[in-house]
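Next come two complexes, and both contain chain A; in the first it sits with chain B, in the second with chain C.
Up next, the complex of A and B:
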């Protein structure tokens, strides 16, 4: 159905068009309500509780109106609510951040617009806002599961529109029909979607998308014994890795994220509290000389989930070529922008290459520094060890043996420590997890005069056979030590391996998983049901599917697009692509415009009628409109009066049209008349162009 | 031939002053073989118009004044026993004429009205079981007073539908009224001569049928009628008979305009007269509602789009 509102001069038979005033039947109304519920439930996680309450109230109001309990509110009431809501939003925008404020505003507009459905235009606007809300929900979650939910939501939204059009065809009571129609429509749009997805140029946005002010997840820049326990409760995905060659053994999968060199007696932290900008600026001033790499590299692709932090995960010694990733002197990786969307990067790691064969004095001092008067017992122990052994490696072995032989235990629920005292852990409780062991070990090493530091990151990962990749979850968070040995550089020592070798050999044991599951309160998380074999299989299949989705759909950026198009069509540049797309879109628009025009003037009209109608619309543009019941001659007189420039030619055009259209003429009679008519039409068009409005 | 029509029109216009459109519509109605209903206040010249038409067209003319006690037999005739011949003899009523003027038709009882209206459609009457054909041509020109007048029986829609057109003369212009007061109008009625012979009239009626109506004209007429059949239209829907009447009247109008084909303006010219009494119903008939209903329809469609 085509809606022509601008051309009032030619009022095409309006018998089948929809009247401008809006009269929805109840089927459409209820479907609309359902679609709104679905749309809001998808964005719910991002909305504050007062906004949710407001939305619930408005939806209840709307259903009460539908049920006939209330009347529609007058626009004044809506206006006041809108103003109040906007004020509330403005007040809370400080804490929400720009992006979330905008999302709130959108949701607010969406729910208020429902109460103000008067015209057809209002209805279209409402549907459009709903679809836009759906699209903006995609900013916050891009997983396959969420995308499927979104597609369902879009289906419902489109079916509302569908039922709206259907109700003018016949009196519709059936809910399944619009749903079916919308599903068909969506299916038909799939090929176009795929083509656009592959080909449409992914230009950088013209403006900066405001960042979601979301809580940072994952590892933090400080760590104290007991901290990682919070992470271990969570079974959220952190990143996935697929190796393309030289897959290392499981116990080599130490994904380094942060190097913590500062110890204040309670917690370990990153070297000074410098911001990322400072770190980057410093790097530019003092570029690092990297160690020459040795051996073969292990190449793998990492797809990191959003953490809203800058730290990336890699095996040592990592080399990356992506521009937005920099390598820090401690061999960790950092992105210039925080990870707010799923991010993919490729790393080549040289596992055999030593880190920092030489250590300057400043660095050495930093990695030996210990605050006074903390953990005196450990300090004393270190000194006896130092007295006993001169060889650094012997001291390390001795400590590891100590941990192995004494009654240390690995548990996710360690007894609490007073003041984070490592003494208390090492000599009394002797139960803890990685951070306890790494902290104590590093402390001992430093006290014994061996440069040492704590490294946090993730250990191991779950191998997915279907997709040939590793998934690393939050509960894989790990902390270990690195000690610097002359001639070997930084060497990784994981004291946790001494107390719980299976943790680093196979990852979480089933006993640990049960512990972890008990800590995790989310009953819908499939991770908690690993012990049920078929469910675990099902979970892995789902995970593999999500991995492919993340890798190929979410990770399809402009670089990949260009690679793909280059492979298919030969040389392709971004601008070439953009130009071709712009041309394609322009031609489609032109085609739509032309068909729209020719639909306005029905295609089966004879030429003279088309010409006459075109002339009418041209005249209407100049302000002279034909009233429907006006006769052709009367109108020609009117044109003669108001637009004398075209008067004569229009009169002749009108007369020839009348003859051609209404007289019974033979083909021979028609021919010369038509020639004249064409001539008059040309003349008319030429003349009307010279008239200004 | 066309000059005859214009001579006839000119002659009628010497009697009915300043009403060129109305007289032309009345003539078009008769040329299209339709019956004519003239509705107006008393004293507006309804009867004069009917008489002028009859005289000008050279038709045998009868007039019946309808009253509430008029019986069907008074219109169609009755068989009366003739003692001298010892047989019943049919006394034909005024209906056996070429042009019947049914004056103030809505003052008669429905029984009498329907006796006349049946004859209008069938062109025959049955008296005592014997069917009598009415003369050819057969026209009825009925006049009626507005419904709000005392002692009127409204014509049912089905019977209104039998009239091709309903026209109103309306008040004359100041100029015309002065001429009437000077005695220039009515007085000349007796001087009118027949302009057309019967044969010429029949030929003209045949010519109306031969007028060409393009397909787009038919679509236009149908489109107009369809509008009256929409659910949200407040008047009565137009029947196919009404659509046919519109086209036929338009053809007659085209003939009077000396054209061999119908133009949309012909449709527009006759549309109100042909449809107004069909669209409106009952007591709002006398208001301008019927008029505005048909105009509403005309305003919604542009003939150029057909």
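Up next, the complex of A and C:
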């Protein structure tokens, strides 16, 4: 190529053939590995240990390839691994359930695909699978902390893709460059994301999807003395409540969840072991008639954490309007779908309204039933009481006085009972917590001929000053009794209040918290350090943040959207929504356009420079354009040749410009030159106006 | 029969469309050596990956809706927004770029020649590909933030087929920068002349070949590299080492070159008609090789293309003139 005389300034770029084979530069490759590590760590909690081991092995293999220790595997080997993995998955799919099997499959594909990146399409697929894995991780966890991790994960994923289009031949070793670029893209995309989130119509689910299956947490449908101890160990959040009006006193916060009416001598359980579907079908056949509500309602929003159960929490008598929630005859609430993700519902509670003023015979008999031959001592005591007092309320008072005065104690670590004997508790050990007291009390009542039942739920809650809401944790789990009194209906009696009044007045005492913390083995739980003031403050701040996130982002639904749009834009209509969206998108586009344009360097020229540039553009209008290679003098000559009318004045203008531009002049020297320059410019402008094209 | 006709019709239709597009393109983006990219000459369209990405976002939206999971929906909204931001970034990656191409490119047939394009930019730009239409090779360029001030450029490869002086059609300038979701592209006509000489075909300097080089000499024909040289000159840089007078150098007389009598006294005419082939293209190819050989050996030569004469000389301009004549030669003349 002797004749190809290249310009020296031009550097030779690499020549590629189409279609290019996929050759990831090492920056992209390492970033890809990092992004995979992050993606897997987010979904880790859902994966079985053998899958995690497999993934770890593949990632190690990949990094060994990257470091140059191994070669890429042949596709036959990968095929065998894929088949074996799928067989293993098929075998374990029974225990995993459909959703988790899918997640496993996705994770498996994600890690295998990396070992076989041949074409550009493979790389793109890998990125999309990675994003999908992130999305599926959100099915299982939606807390603010997790969401922040996800934002970071998505940033890294996008930067992998971004780095692919950078630095083809320039080995910029700096990993921060693609990260910065991706971060900029992310930030610019956020406004539109928010607008879409707020205004884009929310649709009902299109079809049934496999739900996340997990161990049920929280209260169970049966309870025996000693059972709640498991819950009390836990500091997990159960639900949060914010009152909009009439916040009740702390000792009124008895969150009912389950009503247990069956007693078999050992444990209390729900009415019968019917499934939720049966309960719902039964409800449709026999709709319940509630008492007319009395007084003003207390309105509050509950945001429940996933429990994988159907039971909801409310103060009696609760009224809800959400379609997926039903009210049961025992005044508890039930969702048609188990709570698999954070769920929010609004309740209006009529605290003054009595429950069941009249009780039919069947119900009465059920709430008086006791198995023969259990707890004979308690039964005898009940009969004595009944002989002593005719008044039901007097008997209740007498039992409560008994508990208060005799040496009963409230403890989270009670001595074990043989065969769940209530006799043993009431007459021998006399140490226990809510379930012991509620069981014994209810037993006594039934034995004395007063309809009674055990109610489980949560009591109290931690008030968060920053967010003005109550957090209810698992250790707030509580059991109490309800007795039926003629003319009053079901009345709540909490025998625990008799033995430990502070438990129901202020919640856990510090002594109880120490007991609780000793039972809790999770050292990372900030709940265990609530005695350290600043740490407690910090924990509450974080919790308030998480609450707002849950309330506004996780809890944002169709109804809230409608409320918000009505409030902002008046009556809702589809064309209004369309207009808002169109306007929003247009303004964001404009904003992006402007920010991108302003990237260009726009130096702040002094006037003399601006004048020269104006002159250039005026000349360009007349058809004489300066090419970058031309010198000032050459161009002036050209102007002289084609536009002789302005030739002289432009030449002078050009010369003064050159002097101002290139000569180091003192201020005194500059002044006359500037004046001249201005004068020439005026002259030039006057002359050029006279030229017709 | 019918099918063939239909095919033909379709092809005709297609080429008609193509032609229409080209006319429109010529009007919209006229030929010029200097081009600045802006919304007038840039086109933008999602890539296959872009469409796959959109489909993926819809799947995510369905997933989010079915699970009534706001976080997944938020992710799908975010990915849509990202799509739109990337569209703008993709456009601005090319918009504002000024390209200045060379007016002419010289090279040989069946060879890869390069069109140098200077890139002027006021900001960093990434992953810009350049290729001539219907060419299998592309070149990738980027302008880094550090290199903004200095000139950077690309060499756009072109695999030549035949000799001649022609323009090669448009250069496709494209970029999938940002995330590969969009391809922003334009087809620019730089109005560049490709001067393509015949592919040189080696011709051994045998007796047969010498028939082609009629030497106008008064006396006897001389062997080209005969021993009796005419005079010694001081060595000039660039002269072939084969002509260095090694004996004199060994004697310590300095570096001298032998100027042969043949290059001095006689005028060599390279005649197309005498090339040993019946194929005119092959004849031109041999001649192309000889011309270069003569130039390298610093011998004077003249060119005779069926009567079209170029007077003997040995300058570089002469060489280019001769090669140009070969490039544009057509039998009619």
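Keep this in mind: the second predicted complex is superposed on the first by the 550 of 693 C-alpha atoms of A that agree within 3 Å, B and C clash if a C-alpha of one lies under 4 Å from a C-alpha of the other, contacts with A are read in each partner's own complex, and residues count from 1 in each chain.
By our rule, contacts are C-beta pairs under 8 Å (C-beta built on N, C-alpha and C of every residue); 3 or more make two chains touch, one makes a residue touch a chain.
Note that the structure is predicted; figures quoted are calculated from it, not measured.
After overlaying the two complexes on the shared chain, residue contacts for A:135 are found with chain C alone; chain B is out of touch. In the overlay built on the shared chain, the residue A:96 is in contact with neither chain B nor chain C.
Applying the stated contact rule after C-alpha superposition, one finds that A:588 touches chain C and leaves chain B untouched. Legend: residue contacts after superposition of the two complexes on their common chain; A:662 is shown touching chain B, with no touch to chain C. In the overlay built on the shared chain, the residue A:627 is in contact with chain B and with chain C.
In the superposition on chain A, no contact is made by A:639 with either chain B or chain C.
In the superposition on chain A, A:565 contacts neither chain B nor chain C. Touch counts on chain A: comparing chain C and chain B, the chain ahead is C.
By the document's definition of touching, of the two partners only chain C reaches A:124; chain B does not.
For the contact definition in use here, the residues of chain A common to its chain B contact set and its chain C contact set are 9-15, 627-628.
In the complex of the two chains, the chain B residues touching chain A come out as 212, 214, 216-217, 223, 226-227, 230, 260-265, 268, 295, 298-305.
Residues of chain C that touch chain A in their complex: 34, 49, 52-53, 56, 59-60, 62-75, 77-82, 84-86, 88-89, 92, 96, 100, 105-107, 111, 113-114, 116, 118, 120, 122-123, 126-127, 131, 136-142, 144, 150-155, 157, 176-180, 320. Listing the residues of chain A that touch chain B in their complex gives 9-15, 602, 609, 612-613, 616, 626-629, 631-633, 658, 661-664. For chain A in complex with chain C, the touching residues are 1, 3-4, 6-7, 9-18, 20, 121, 124, 128, 131-132, 134-136, 138-139, 142, 147, 150, 154, 158, 161-162, 164-170, 172, 185-186, 188-193, 196-197, 200, 202-209, 341, 553-557, 585, 588-589, 592-593, 596-597, 599-601, 627-628.
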